[in-house]
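Look for subunit A in each of the two complexes below; its partner is subunit B in the first and subunit C in the second.
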Partner chain A sequence: MGKTLFEKIWDAHVVVGKESGPSLIYIDRHLVHEVTSPQAFDGLRMNNRKVRRPDLTIATMDHNVPTTDRGLPILDQTSSIQIQTLEKNCQDFGIKLFDINSPNQGIVHVIGPQLGITLPGSTIVCGDSHTSTHGAFGALAFGIGTSEVEHVLASQTLWLEKPKPFEIRVEGKRKNPHAVTAKDIVLSIIKNIGTGGGTGTVIEYRGEGIEDLSMEQRMTVCNMSIEAGARAGLIAPDEKTYEYLRGRQYTPKNYESLVEYWQDNLKSDDDAKFEKQFTLHIDDIAPQVSWGTNPGMTCDVTETVPTPDEFSKGDSNQKKGAEKALDYMDLKPGTPIEEIKIDRVFIGSCTNARLEDLIEASKIIKRQKVSPEVRAMVVPGSQMVKKQAEEMGLDKIFINANFEWREAGCSMCLGMNPDILSPGERCASTSNRNFEGRQGTGGRTHLVSPVMAAAAAINGHFVDVRTMDLS
Partner chain B sequence: MKGNIIKYERDNIDTDVIIPGQYLKVHDYAELATHAMEGLDPDFHSKVKEGDFILSGKNFGCGSSREHAPIALSHSGVKAVLALSFARIFYRNSVDGAFLLPIEIEEDAYNGISEGDEIDIDIGTNEIKNLTKNQTYKMKPFSEIIGKIIEAGGLFNYKP
Partner chain C sequence: MEPFKKTTSIVTPLDKVNVDTDQIVPKQFLKLVQKSGFGKFLFFNWRYDENEHPKSDFVLNDSKYDNSKILVAGDNFGCGSSREHAVWALQDYGFSVIIAPSFADIFFSNCFKNGILPISLDQSIVEKLQQESEPIEVDLENQIIKTSSDEIPFEIDSHKKKILLEGLDDIAQTYQFEDKISEFEKQSTVPSVL
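Now for the complex of A and B:
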């Protein structure tokens, strides 16, 4: 019987293991950031261990860095300590660090691919759940906790149980690919399979609707695999993948011979068996807006906020969850999504803060201004994205429209730095989680695509971007 | 292992409500514990007692990879979380650092056990006894690797 792409990558990385039991898996790349690593380095010190492969370990600071003027000292003492700790740890253990002043600094899942560190067929881990992003390149990439971070630092391996392969086919063609985006595809998937739909699996996204996506759009899809509960999400590499990585700063010297190997090996066999399957037809899907407090609580922009009964379809816990979510979000069932007024807009995060995201969002603006009721912010995913955007003049488009144009970092996606919502504030956000308090205590998050977020900023409420001129 | 139940009758309790992002800079575990479950139940810290168990629905611990989540619960005194299912990173974090036991249960235990019930968990027999209601439920056994990591007292004590 044939193998899936995931099984091929897994098998190629088993150091020891049995077919049915746990396996010790070799890790090709370990990405490190300031928040989930300090205790791991402390553990190494306590046990007199070294980092086994500092050459395969890359660090940056993204979660708690300020997104305002980098020339100023960091006011938050605890953030400052965490950043200094990472600097010291990288120095002591000989790890390459892109620090706060590096032109390569940025969200770890944005810089990995941009620098050519992310490679097809490799295993990639990071102490961050959105590591699944790198799966867009046909890598097996997943988030781990701090104990596992320490284990990888010490041994370059992890003990894992083999997840099951899950095939998600995305079929058809979007009628307006500028208005209906990769974000809308992945939110539609999670809306259908639920936040636990991918538990215990590695998703392989396949089909015409995936092949049509650019690399940056594929990253948006794989990024949110974790929101469906999957261990990882991946996409078989193709010519777009190889072209994207060609000639980047850390792309290996023998790249073309690697491409030949990948072309021959990195795809699921025709007779491979997936444990689970789901198909999404995208010809007629609409832009998506989340209304609740997990990414599965999402509907079309043209719909109304559902009643708990409509949402839960008879499941009592789902109904309770929806009731609580509506209360937290201060929304009444039956309210048209387009009538929901917003206070804040956040265009950023490892889901949607790449160059294409900013280009697409900027097309909405057309010399209009952000609604006077709204405070809007653009936080590029990396300093490289920021520089490229500035070379294209995107910063001026945003600034002239009264968006704030910030330095790179995770920012308001998770509310660890000063970029947070105030209690009760409602935000159209291009990030990945609408959990209670995620963007600040009492803050209310609606997940949308970058174009939907920009349109909401201009109008002060959600609008169906399919009705707008996006040329 | 005996303890009393704190029940949250809902699915998808995420790591952001278990320990909100603003506290991920806190390295003092005792202080971290004072903010456990703050995003969901501000009274949690005042009501939780040493040795308590949490009972909840599906997909417990979904979201972020922060090990701070099981650490905050563990240092609040929580010795086990019983749930219909777990998000994988939270599950693994709980046992890797020997912070708490993640116990997968079936609907009968979820529906049968109430807030405040005294429970006895036996991971040798995979049985959960409800001492308050005199009922017994099955728990799902740990997989080979998880069982061995628990037995060893954490990932770094585990020798294959």
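Now for the complex of A and C:
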């Protein structure tokens, strides 16, 4: 019987396989950041262990870095210690670090592909759940905890139970691909299968709707696989994939011969068997807006906030969850989404802060100003994205419209740095999680695409971007 | 790691589904560079009001549960961020067993690295356990939960069971396969980053 792409990558990385229980899997790329690594390096020191493969390990600082002037000292003492700790750990253990002043600094899931570190067919881990982003290149990429970070540093391997392959087909063509984006595709998927729908699986996204996406859009889809509960999400590489990685700073020297191998090997066989399947038809999908406190609590921009009964479809626990979410979000069922007023806009995060995201968002603005009621912020995903955007003049478009134009980092996606919501503030955010307090204690997050966020910034409330001219 | 064999205590019922790791430990507490001391941040935003006074309606603030070692929660527990700080907080607070209908993958595997036993049981059994007012016994060796009226068997992967029972150091285990790892590296076609 044929194999899925995931199974092919898995099988090619088994160091020790067992009949049952976990297998020892080799890790080709390990990405490290300041928040989930200090305790792992400490563990190595305590046991007098070394980093086995510093040459397969790359570090950057992204989670808690300020996004204001890089020339200023970091005021938050604990953040500063965490950053210094990473510097020292990288120095002591011989790991390449893109520090806060490096032109390559940025969100780890933005810089990996941008630098050609992410490769098709490879295994990639990072102490961050959104590592699934790299799956857009046909890599098996997933988030791990700090103990596993230590394990990979020490042995370049991990003990893993084999997840089950889950096929998600995205069929059809979007009528207006500038208004209905990759973010809307992935939010629609999560809305349908639920936040636990992918638990224990690796998703392979397939079909015309996926093939049509650019690499950056594919990253948005794979990024949010974790929000569907999946360990990883991946997409078979094609010419777009190979072209994207060609000639980047760390693209391997023997790249073309690797491409030849990948072309022959990195796809699911026709007779491969998936344990689970779901199909989304995208011809008529609308821009999505989350209304609740998990990414499955999402609806079309043209809909109204659902009642807990409508949302839960008879599940009493889900109903309780929806009641609590509406209370936290201070929303009444029946309220049209387009009438929800916002206080803040955040365009950023490993989901939606790449160059294309910023280009698309800038098209909405067109010499208009951010609503006087709204404070809006753009945080490019990496310093390189920022530089490219500035070369195109995008910074001026945003700044002239009264957006704040920041340095790169995770920023208000998780609010570990000073970029946070105040209690009760409502934010249209291009990030990935609308959990309670995620962007600041008491803050209320609505997940949307970059174009939807930009349109909300201008109008002060959500609007259906399909009604706007996006040429 | 401390071995885990058996524990007896009353259960703390947490009647919520999709409890994410942002709720278990909010992000403002992720800046510590050590593993200890996270218990005081557990469920911080649910436990305390804006003036950091305990909220009387949250279960952990009911003194009856002060010595509980067993948390019984709703479906998809531990979803979201990979932060192991969530497990460190639960452990530091005093929990050594978490029972739920299902767990998020990364959280589930983080538990075993820290001597916490996560147990998945049917929704109906979980709901019954949440009502249990008498202490229950969780026996890992025999894979059984004993309540005042019932004996409930549970499943666990044998490798994971061994790790908990013996408190094994994962990395030392893996080093036994050093020759296999070296052999794998010799035939690997994936180039170094640098």
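Couple of notes before you dig in:
Definition applied: the second predicted complex is superposed on the first by the 469 of 471 C-alpha atoms of A that agree within 3 Å, B and C clash if a C-alpha of one lies under 4 Å from a C-alpha of the other, contacts with A are read in each partner's own complex, and residues count from 1 in each chain.
Just so we're on the same page, a contact is a pair of C-beta atoms (placed from the backbone, for glycine too) under 8 Å apart; a residue touches a chain by one contact, two chains touch by 3 or more.
All values reported here derive from a predicted model rather than from experimental measurement.
Once both complexes are superposed on subunit A, the partners subunit B and subunit C clash. Of the two partner chains, neither subunit B nor subunit C is touched by A:Ile359. In the superposed model, A:Thr441 lies in contact with both subunit B and subunit C.
When the two complexes are overlaid on their common chain A, residue A:Met392 makes contact with neither subunit B nor subunit C. In the superposed model, A:Tyr250 makes contact with subunit C only, not with subunit B.
Using the contact criterion defined above for the overlaid structures, shared-chain residue A:Thr195 touches subunit B and also reaches subunit C. Contact with both subunit B and subunit C is seen for A:Ile144 once the two complexes are overlaid on the shared chain.
Looking at the superposed arrangement, the partner reaching more residues of subunit A, out of subunit B and subunit C, is C. Contacts of A:Gln156 after superposition: subunit C is touched, whereas subunit B is not reached.
Once the two complexes are overlaid on chain A, the subunit A residues touched by subunit B in the first and by subunit C in the second are 16, 21-22, 24, 35-36, 38-39, 47, 63-64, 76, 78-79, 81-82, 127-129, 143-148, 150-151, 159, 161, 195-196, 199-200, 226, 229, 231, 294, 317-318, 320-321, 324, 414-416, 433, 435-438, 441. By the touch rule above, subunit A contacts subunit B in their complex via residues 16, 21-22, 24, 35-36, 38-39, 43, 47, 63-64, 76, 78-79, 81-82, 127-129, 143-148, 150-151, 159, 161, 195-196, 199-200, 226, 229, 231, 294, 317-318, 320-321, 324, 414-416, 420, 433, 435-438, 441. Interface of subunit C with subunit A (complex): residues 15-18, 20, 22-23, 26-28, 30-35, 45, 50, 74-76, 79-85, 87, 102, 104-106, 109-110, 113-114, 157-159, 169-171, 174-175, 177, 180-181, 184-185, 188-194. Those residues of subunit A whose C-beta lies close enough to touch subunit C in the complex are 15-16, 20-22, 24, 26, 28-29, 35-36, 38-39, 42, 47, 49, 53, 55-58, 63-64, 76, 78-79, 81-82, 85, 96, 117, 119, 121-122, 127-129, 143-148, 150-151, 154-157, 159, 161, 163, 195-196, 199-200, 226, 229, 231, 250, 252-254, 258, 261, 294, 317-318, 320-321, 324, 414-416, 423, 433, 435-438, 441-442. Within the complex formed with subunit A, the subunit B residues making contact are 9-12, 14, 16-17, 20-22, 24-27, 39-40, 57-59, 62-67, 85, 87-89, 92-93, 96-97, 143-145, 149, 154-156, 158, 160.
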